[in-house]
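Take a look at the following structure, please.
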Amino acid sequence: MKRSIPVRAVPADPNELAADDVAHDECGVLGISTPHGEGVAQLSFFGLFALQHRGQEAAGIAVSDGKRARVHKEPGLVSTVFTPEALAPLTGYHAIGHTRYSTTGSNAERNIQPFLVETMHGPLSVAHNGNLVNATTLRDELLHKGFGLTATSDTEVFTLMLAAAGGQTWQERIERTLPAWKGAFSLVILAADQVMAVRDPWGFRPLSVGRLPNGGHAVASETCALTTLGCVDIDEVRPGEMVTLRGAEIERTQVLAPQANGARCTFEFVYFSRPDSVWADKSVHHVRQQLGVELARESMVDADVVIPVPDSSIPAAIGFSTESGLPFNDGLIKNRYIGRTFIEPTQDIRERGVALKFNALTENLEGKRVIMIDDSLVRGTTAGPLVKLLRDAGAAEVHMRITCPPITHACHFGVDMGHDDDLMAARLSVAEMEAHIGADSLAFLSLDGMMRAVAGREAGADDGHCNACFTGDYPISVGDAQAKLAFEGVLN
Amino acid sequence: MKRSIPVRAVPADPNELAADDVAHDECGVLGISTPHGEGVAQLSFFGLFALQHRGQEAAGIAVSDGKRARVHKEPGLVSTVFTPEALAPLTGYHAIGHTRYSTTGSNAERNIQPFLVETMHGPLSVAHNGNLVNATTLRDELLHKGFGLTATSDTEVFTLMLAAAGGQTWQERIERTLPAWKGAFSLVILAADQVMAVRDPWGFRPLSVGRLPNGGHAVASETCALTTLGCVDIDEVRPGEMVTLRGAEIERTQVLAPQANGARCTFEFVYFSRPDSVWADKSVHHVRQQLGVELARESMVDADVVIPVPDSSIPAAIGFSTESGLPFNDGLIKNRYIGRTFIEPTQDIRERGVALKFNALTENLEGKRVIMIDDSLVRGTTAGPLVKLLRDAGAAEVHMRITCPPITHACHFGVDMGHDDDLMAARLSVAEMEAHIGADSLAFLSLDGMMRAVAGREAGADDGHCNACFTGDYPISVGDAQAKLAFEGVLN
Amino acid sequence: MKRSIPVRAVPADPNELAADDVAHDECGVLGISTPHGEGVAQLSFFGLFALQHRGQEAAGIAVSDGKRARVHKEPGLVSTVFTPEALAPLTGYHAIGHTRYSTTGSNAERNIQPFLVETMHGPLSVAHNGNLVNATTLRDELLHKGFGLTATSDTEVFTLMLAAAGGQTWQERIERTLPAWKGAFSLVILAADQVMAVRDPWGFRPLSVGRLPNGGHAVASETCALTTLGCVDIDEVRPGEMVTLRGAEIERTQVLAPQANGARCTFEFVYFSRPDSVWADKSVHHVRQQLGVELARESMVDADVVIPVPDSSIPAAIGFSTESGLPFNDGLIKNRYIGRTFIEPTQDIRERGVALKFNALTENLEGKRVIMIDDSLVRGTTAGPLVKLLRDAGAAEVHMRITCPPITHACHFGVDMGHDDDLMAARLSVAEMEAHIGADSLAFLSLDGMMRAVAGREAGADDGHCNACFTGDYPISVGDAQAKLAFEGVLN
Amino acid sequence: MKRSIPVRAVPADPNELAADDVAHDECGVLGISTPHGEGVAQLSFFGLFALQHRGQEAAGIAVSDGKRARVHKEPGLVSTVFTPEALAPLTGYHAIGHTRYSTTGSNAERNIQPFLVETMHGPLSVAHNGNLVNATTLRDELLHKGFGLTATSDTEVFTLMLAAAGGQTWQERIERTLPAWKGAFSLVILAADQVMAVRDPWGFRPLSVGRLPNGGHAVASETCALTTLGCVDIDEVRPGEMVTLRGAEIERTQVLAPQANGARCTFEFVYFSRPDSVWADKSVHHVRQQLGVELARESMVDADVVIPVPDSSIPAAIGFSTESGLPFNDGLIKNRYIGRTFIEPTQDIRERGVALKFNALTENLEGKRVIMIDDSLVRGTTAGPLVKLLRDAGAAEVHMRITCPPITHACHFGVDMGHDDDLMAARLSVAEMEAHIGADSLAFLSLDGMMRAVAGREAGADDGHCNACFTGDYPISVGDAQAKLAFEGVLN
C-alpha cells in the first residue's frame, strides 16, 4: 500500500524531522508454499524479519491449510507482532506476509495487510508493495457496482476486483484483472490451496522467487529474505509475470508483456534495498560501491579523508575511497537505538540538531578536509546539521557528495518522499543547496553516472529504470494520482 | 449479531459453566442525532453504559460529522473501551453504538460492531441486535455477485446489501432491502447526515425511541438507556417501522406491515431486559413481579420463607411473597464481582459448585422450609448446587419455582441458549429434573400463566409474542439456520 | 493500609463524586497454610475473590514453599491481577493475600501489599487491614535507626519492626513488637514455614480463622471468604490474639489482653462487611435487618411503600417493612456495571445526577408515599439527587431513613470517610440536611437503636464497639494521626 | 547491578544463543543538576538514550525538586519507558538515571534502578554500574542489624548503608561508607538538593563529568552521553573521587586514594563502550583502529580482503586494512532489526545458524582469501557459523583475527560473560578453537599488543587496567563472589 501524497495526521516530532531525512519505502511482501506444511508461519516470520527495513509500522501473516485461511496482523515490528501465541494458530501449507510503512492515523489499523476476505471461491488474501495510480478510478468503479469498502488501501481494490472477476481459476481471474491495474505493484495472493505472486509489467518494485531447501518455494520483495530462508535457484519474477506456488509445484506465466525495457526503481539500488539483496542480477552492495566509484570520477576534490553517513552510505564511501585513493574512515557514530521517540527535546538539544542520532569522531576529523558521502537528499533537513557537526568537531573543510542526482519530483510508484514541495532540490539549485547546508562544496552524481553504476550504461529510454524522481518523466501518467487523496479522508 | 448455534472455540472454564446457567442476549444498539453536536460521543457512551448488560465482550461507537464517519470499537466493557482519548476524535452530529456478547475466538475482533464502510453514497455504518435466519442464503447471494466478505456477522450482510441497493436515498435503499431479511433485527444505521433505525416486522427484539432533553432524538434497545439520557416522549419503534433521526427532525415510516400480532421475545421480560425498562407499555419489573404472583397461584406450597436467586429473581420473589403471604427474605448472597475468571478451581472448590458466586445466609434458612425463585433453567447446571447450598445451610425443605416454562428449544432469534442438546428440559421431564437437582419439589410457571403476567392474556396465536424456546413453534422457519454454521468457520 | 487523611492526587471525577457517596474500607487480608501444598495460590485467589468488596484497586498474594517466598501483586481486580500465568509460579505450603483500596497516585504501586523482604531470619511478608495512629512516631524511630523506607504504608513499618525485633522465633518477635503498635490492625504475616495472624487488642477490624476441608487452616478478614473455601470450625481471632498456622497445626496465643470490652467497628455491620459474613457471632445480614426493625420502631411514618437504595440497604428495608407492616418493593434499579469511568458527563447528564447509577421504577413510585432506606450518609452527595429521582418518577412523598446515626467525625482506624470537613453531618443539623436533600422527612437511627441491633444492648462504655465516627469518642487518642500526612508526601 | 554468576531462569532461545556471542555490560548511569530546573527529566532521557547500548532491559529516572523525589522506572527501552506522560511529573532540579541489563526473571522488576528510599535525612536515590565482590558480607551485616531487604541488588546495599551512616552531610556519609565497598562501582546518588557521583578507587568502570551548555553539570558512564547533551569541559571522574553537583556548583573531592595505577576495564575499549566515547583521554574508536593495526602487525596473513563482523569490528578492520595494505570491504550484512525474538526457528533455519542476523555478500567473497576481524570470542557460538557462511558464499580461505587475547576467566567487576565454564577459551587451546570453528587460521591479539593500542605501553603491573578476564589476575580477591549467588535465590 502506498499513499502517494501523504497527509500527516499528527504534527511530526521536530526532532524526528531533523534526524530523519530519508524517503520511506512502503512495504515488503512474502509468499511461501510447501508440500509438507512444516513451520510455514515460522518461515514467514523469519522471511518478514529480513524485510523489516521495508516497513516498521505493522506486520501480518495469512496462512491457509488448504481449506480455511487465518490472518494475524497488527501494528508493530515483526518481532513484537509475532509472539509464539500469535504464530501458533497459523498452521497450514501456504502463507503470505507483509511489513508495512504507514503514516500515523487512528484508523491505520484497518489498512494493515494482508487483507483477507471470503469469496464465492473460498478465502482470498492479498498483500501489496507499490502504488496504483488509477486507484481512484478503480475504487469509483467498485463503489458504483455497489461495493462497500472498508479500507483506503489499494490492497482492498485488488482483492475485491479479483473476487468479482468471474473465471474458473484464480489464475484466470488474475489474467482478467491485471490489465486494469496501472501503477507499481508487487503482489502476493493467497487462496485456499496456493500462493500467487504478480508483478506489474513495468517492474517498478522488486520481487524474486526461490526454492526452499526442504521443499516448496518462496517469493519475496528482496532476495535477502530468500537467502535468509536458505533458498536456492533464486530468480527475479519478471515484469508482467504471474508465479503460482502450490506445494512442491511452481508455475510461471507471462501474463502481460513487459513494458518496453521496464521501469525498475533506481532508488531501490540507491537507498531502499538491503545491500545483501540482488536485483536484476546485480548485487545492491556492489552497485552502491560503484555509485561511490562513479562519484569519485565525477566530483573528486582534494581532501584528507572520506567518511560515510552511516549506515547506508558505507559501501559508496568505500567505493569513493578506492577510486580516489583517499583514505576511508568513520567520522560519525550512529546511535543504534534511534527510532521513534515522542519526547520533545529541550532547547539545548534541539539546537544541536542531529545530536541524538549522530556523534562526530573528533580524532578522525580535527583539522582535516573531509569528504562526506550520503546516499540522497530528500527534504534536506539533516545535511546542514551534519555539516555543522563535522565543523564543530574541527573539520577544516566539508565536501558533501551525494550518490544520486537531485530529487526533484515526488514518487507515485510506492515511495513516500513527500510532496514535490517538500523536496529540497525542487526548490533550490545545487549552489543554493550548497549555501543552505553550509558545505565547502556539494555535488550530486549525474544521472548517467548513476545509471552506469546501476545498469552499466548511460541513462536513456532504454535503460530499463524509473528515474522519475530525478527527471519528472513518469513511466505512467500520474494525473489521476492527485485525485487519490479525495477518498482517503472519507472514512477516517 | 447472533450466532444461533455457537461453537465454543475454547473449552469453557468448568467453574464458569457451573456458576453461570443463563442465556445470553446478544447485543444492545443505540442511535443518536442532534442538531447541535454537543457531546454526541459522550451521550452515546452513557447510553451504551446503560445497555452493558446486553453484551460485555466488546463495544463500539461510530460518529458522523455530516461528511465523514469515524468508528472506535474494541473488546472490553464500555467503560474500558471508551477512554477520553478514544472519545475525543468522535466529534459530529450523528452516532450509533453497540455492546456485544460473543463467543471467544481469535478473529472475533473483525466482527465487532458498528461495521463501517465507504459506499458510493458516502459512509455507511450499521449495528445490529438479533439474528438473520436466512443469512446463509443472503451471504451466498452477495458472494455470487462477486463480493468479498471480511466478517462472519449478519451486520456485514445488512451493510453490503444496503450499499448495493441502488435508490436515491438511504430510506429508499432500506425499503428495497428490508423485505429480503428474515429473522430478528433491531438495526441502527448511520449515514453521513442522519441516523436510521429499523425493526423487523415480527418485532422480536426491543427498540425504542425518545426525544433528548437538549434537542435531537435517540433510539436504543431498551428504554433504560433513554431514561439515562433524560429522554422524554419515549415510544416503541413498531415492528416493520423505520425511524429517521436527522438533527432536530424525526421521521417515522411503516415500511413493512407488522407480522400479524408480532413476535416479541417473552424472554426479554423473563430475564434479559433491565427491570427499569419498559417494553410494549409494560414495565419489565412489574411483569416480573406478576410472574411471581402467577407462580404463587399455580404452584404454592406450604413453606416458611420465599427467597430469590439474586439479582434477577428478586421482583418475582417479592411478587410470590405478596401473593402467597409467605415472608420474603434474602437467602443467598451474590459476590458482586463475579465475572470471567480463568483460574481453575481446586478440587475443594469445584465440589462446592456455586460457592464462588453465592453464599447462603444460614440464619435465614436453618430449619426452614424454603421456596427458592429462579427466573429460568437453561442448561440446568446451577440449580442442583444451589439446592445443596441451601440444604448445607440447614434448610428443612427446598422448593424450587421457575418463573417461566421449561426451555426445550434453542433460540434462533438472537439469544444464545446453546444447542437443543444443551437444554436440560429438552432431555429431562420435570420429575427427572426435580430428582436431578435434588429439590423437594420443582415447578415451572405455565405458558398461560407466563403470558398472563407478560401480556395480560392466555398464550395463543394472538398473544403477540415469540415463545418458541418453550414450544418449538418458531414464528419463522429456521431450517436455513442450521446451514449458518457452514460459513462461520471458513475465515477464522 | 489506611491513609486516614487522604489527599487526592488527581481531581475527582465530578460524576463519580455524585454517584458514590460511600465510605471506603481499606483492605481485606487472607492467610492459608496447608500440610499438602495443593493449590495454595488457587485457594488464596478464591479467598481474595470473596474479599474483593474490601478493596478493588490492587491485589497481591505471597507464597512460601518452606524456604523461599515469592509475591505477585499489581493494580487491578483479583480476577485480572491473577491470570493462570501469574499464579503458576506461586507454589508452596503457606500464603498470604491482600485486596487493597487506595487513592490514585503515581507511586501507589510501591504501597501494594503484601510487602516482602529478606531478613536475617529468612523471608518475611506482611499484609494489613487497618490504620496505625502512631505510625509517624514509629516511622521516625525506624528512620533514626538508619533505615531507608521504600513505601509510605503502615505495612512497611510492621515489617521492618518485626525484622529488627531480635528474639528466637517470629512468635517472639511479634510478642516484642505488638505493644508498640497503636491503632487498628488485622495483620497476616508469612515466614518461610508458617503463617501468622495478629489482631490489635481493640479488635477494630474483623479477622476470623477456620479449618480447611482438606487439611490446614485459613484466616481472613471476613467469614465469607472462609465459607467460600469450605472452611469449618470458623472462629473469630480475638483482640490481642496471635494465631499461627503451620501446615496441619494451629496455635492460638493471647499476646496482649484485650482492651476492656473491645472496639469493634460498628460500621462494618452497617455498611462494609458482606452480608453473608458473621462477626462477633452475629450475621451481618441479620444485623442489617434488625437495623431496619429498630429504624421502623424509632421513626415510622405513614407511607405506601418501603424501598431500599440497592444493594446494601435491602436487608434493612426488608426489616423495616416487616416491622412496620408496610409493603417492601424495589423503587430504584442499579446499573450492575457501575464503576470508575473517566468520561466527563455532558451537562444534560450531569444535571440528572445519579442517573448513570440508578433509574427509578415509575410504576412502583407514582403517586406513592415512599420510605427510602439508605445505610448511611457520608458526604451526602447522592441523597439529594436520589430524592429528586423519586419525585421525578411521581413519588408523592419521600421519607429518607438512615440505618445509623449522623457521621460527624472522620475515622482513624481504617475507613476512608474523608476529612471531618467532608462529612455532611459535621456541618449541618438533621433539619438542615433534610432541607438540603429535599426530603419530606429525614431520620437517622439513634446510637442506642443501632447498638441494640448490632450488640443487643444500648450504646455505652461496655458495648464493645467503636462508634467514634458517630460520637467523636476515639478509643485511642488520634492526635498523632494528623502528623501522618507529613511523611506521606515526601517520596511521591 | 551485576550478577557475577548468572543463572538463567528460562532456557535460552537456541537461535539467540547462536546469534549472540557477546559479553553484556551491565548498566549505564547518569546524573544531572541544574540551577534552573528546565527540562531536567528531558535531559536525563536524552542522556540515557545515548547510554542505551549499556543496558536494554529496563530504564529509570529519579528527580528531586529540592524537597521531594520521584522515580519512574520499568522494563523496556529508554524510548518506550519514557513516554511524555511518564516524564511529565518528573519535575525538579536534580536527577539520576539508569539503563539496565539483566537476566530474565519474574521478580526482576524490584531490582530496576534507581532505588529510592526515604531516610531520616530526606529522600535518597541510587543507581549503579559495576559489581560489589563483598556484597554477601555487606548484606549479611545489614541483615544482622535487623534490616529487611526488598531487592537482591548491590544498589540496595549502597543505599541502606548510606542511609544508616550517620554524619551531618551526604558527603560525610559517603566518605564513611566508601571504604567498606570492595569491587567495581560507578555510582550516582540523588538527595533532595544535590547529585553525587562516586567511582571506586580501582576505576573499573568509566564515569565522566561535564558542564551543561545552559548551566549545571552532568555525569555519565560514557562521554557520548555528555556530548549528546552538549556538555563542554568534559573530564573523567577519577578513581576514588566523589563529585557533587548542586545547581550551578560542582565540588570534586578525592575521598580515597586511587589504587596504584588503577584497574580500568580494558574490555570497555575492546567492545562495550560506544566508539564515540572518550575514556582516559583516549578515543574508543581510535583505540579500536589501533587494535586492528596491532593485530595486522602480529598476525598478518596473505589475503585478498579484510572484512569486519559488523558493527563493532569495523574500526579494527579499517585499522588492519590500513596497516596491512589489504583492501577493506564489507563481507557480511547485519539485519538492523535483530533483537530478542521468541520464535523458535525451524530446523531449516536453525541449521543455517547465524542466518537471521547476517547475510554474506557473495560478490565480495567469492574466490577470495578473507581475513575476518571480530572483537572477541566469548562463548564462541557464532564464530563457526560465520566461517561457514563465508565459505558457503565462496570464500577460498577464511582467516579469523580477534582484537583481544583469549578470554579465559569470568568477570566479577560488572560484565556478564557467563561462568568460567561458558568461555570457549577456558576449555580449548587456540589450535582447538581454530579447528572447532573451521577457520583456515585463527589468531588473537596478544596482551601486549592490546595494551599498546589501549594504553600505549606493554601489559604489566603498571598498565593501569584490569585484564583479569584474559589473565585471571583479579585486582581484588573474588573468593567472596562465589557466595553471592546464595542470597540471590532467597526472595524470588
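All chains are identified by letter, namely A, B, C and D, in their written order; residue positions are counted from 1 within each chain.
The working rule: a residue touches a chain if its C-beta (ideal position, glycine included) is under 8 Å from a C-beta of that chain, and two chains touch if they have at least 3 such contacts.
The UniProt protein names, listed by chain, are A, B, C, D = Amidophosphoribosyltransferase.
The model shown is predicted, which means the values in this text are computed figures rather than measured ones.
**Q** Out of curiosity, which chains are bumping into both subunit B and subunit C?
**A** none
**Q** Relative to subunit C, which chain's C-alpha centre is the most remote?
**A** A
**Q** Suppose each chain is reduced to the average of its Cα coordinates; what separation in Å results between subunit A and subunit C?
**A** Roughly 60 Å, centre to centre.
**Q** Please work out the Cα centroid separation of subunit A and subunit B, and write it as a whole number of Å.
**A** Subunit A and subunit B have C-alpha centres separated by 49 Å.
**Q** From the C-alpha centre of subunit A to that of subunit D, how far is it in Å?
**A** 35
**Q** Can you list every touching chain pair?
**A** Here the touching pairs of chains are A-B, A-D, B-C, C-D.
**Q** Given the complex with subunit A, which residues does subunit D contribute to the contact?
**A** Residue list for subunit D touching subunit A: 38-39, 42-43, 45-46, 49-50, 52-53, 56, 77-79, 82-84, 87, 212-214, 224, 227-230, 274-276, 283, 285-286, 289, 311, 314-315, 318, 322, 327-330, 333, 335-337, 339-349, 351-352, 355-356, 359-364.
**Q** Touching residues of subunit C toward subunit D in the complex: what are they?
**A** These residues of subunit C touch subunit D: 68-72, 89, 106-107, 116-120, 122-124, 140, 143-150, 152, 159-160, 163-166, 487, 489-492.
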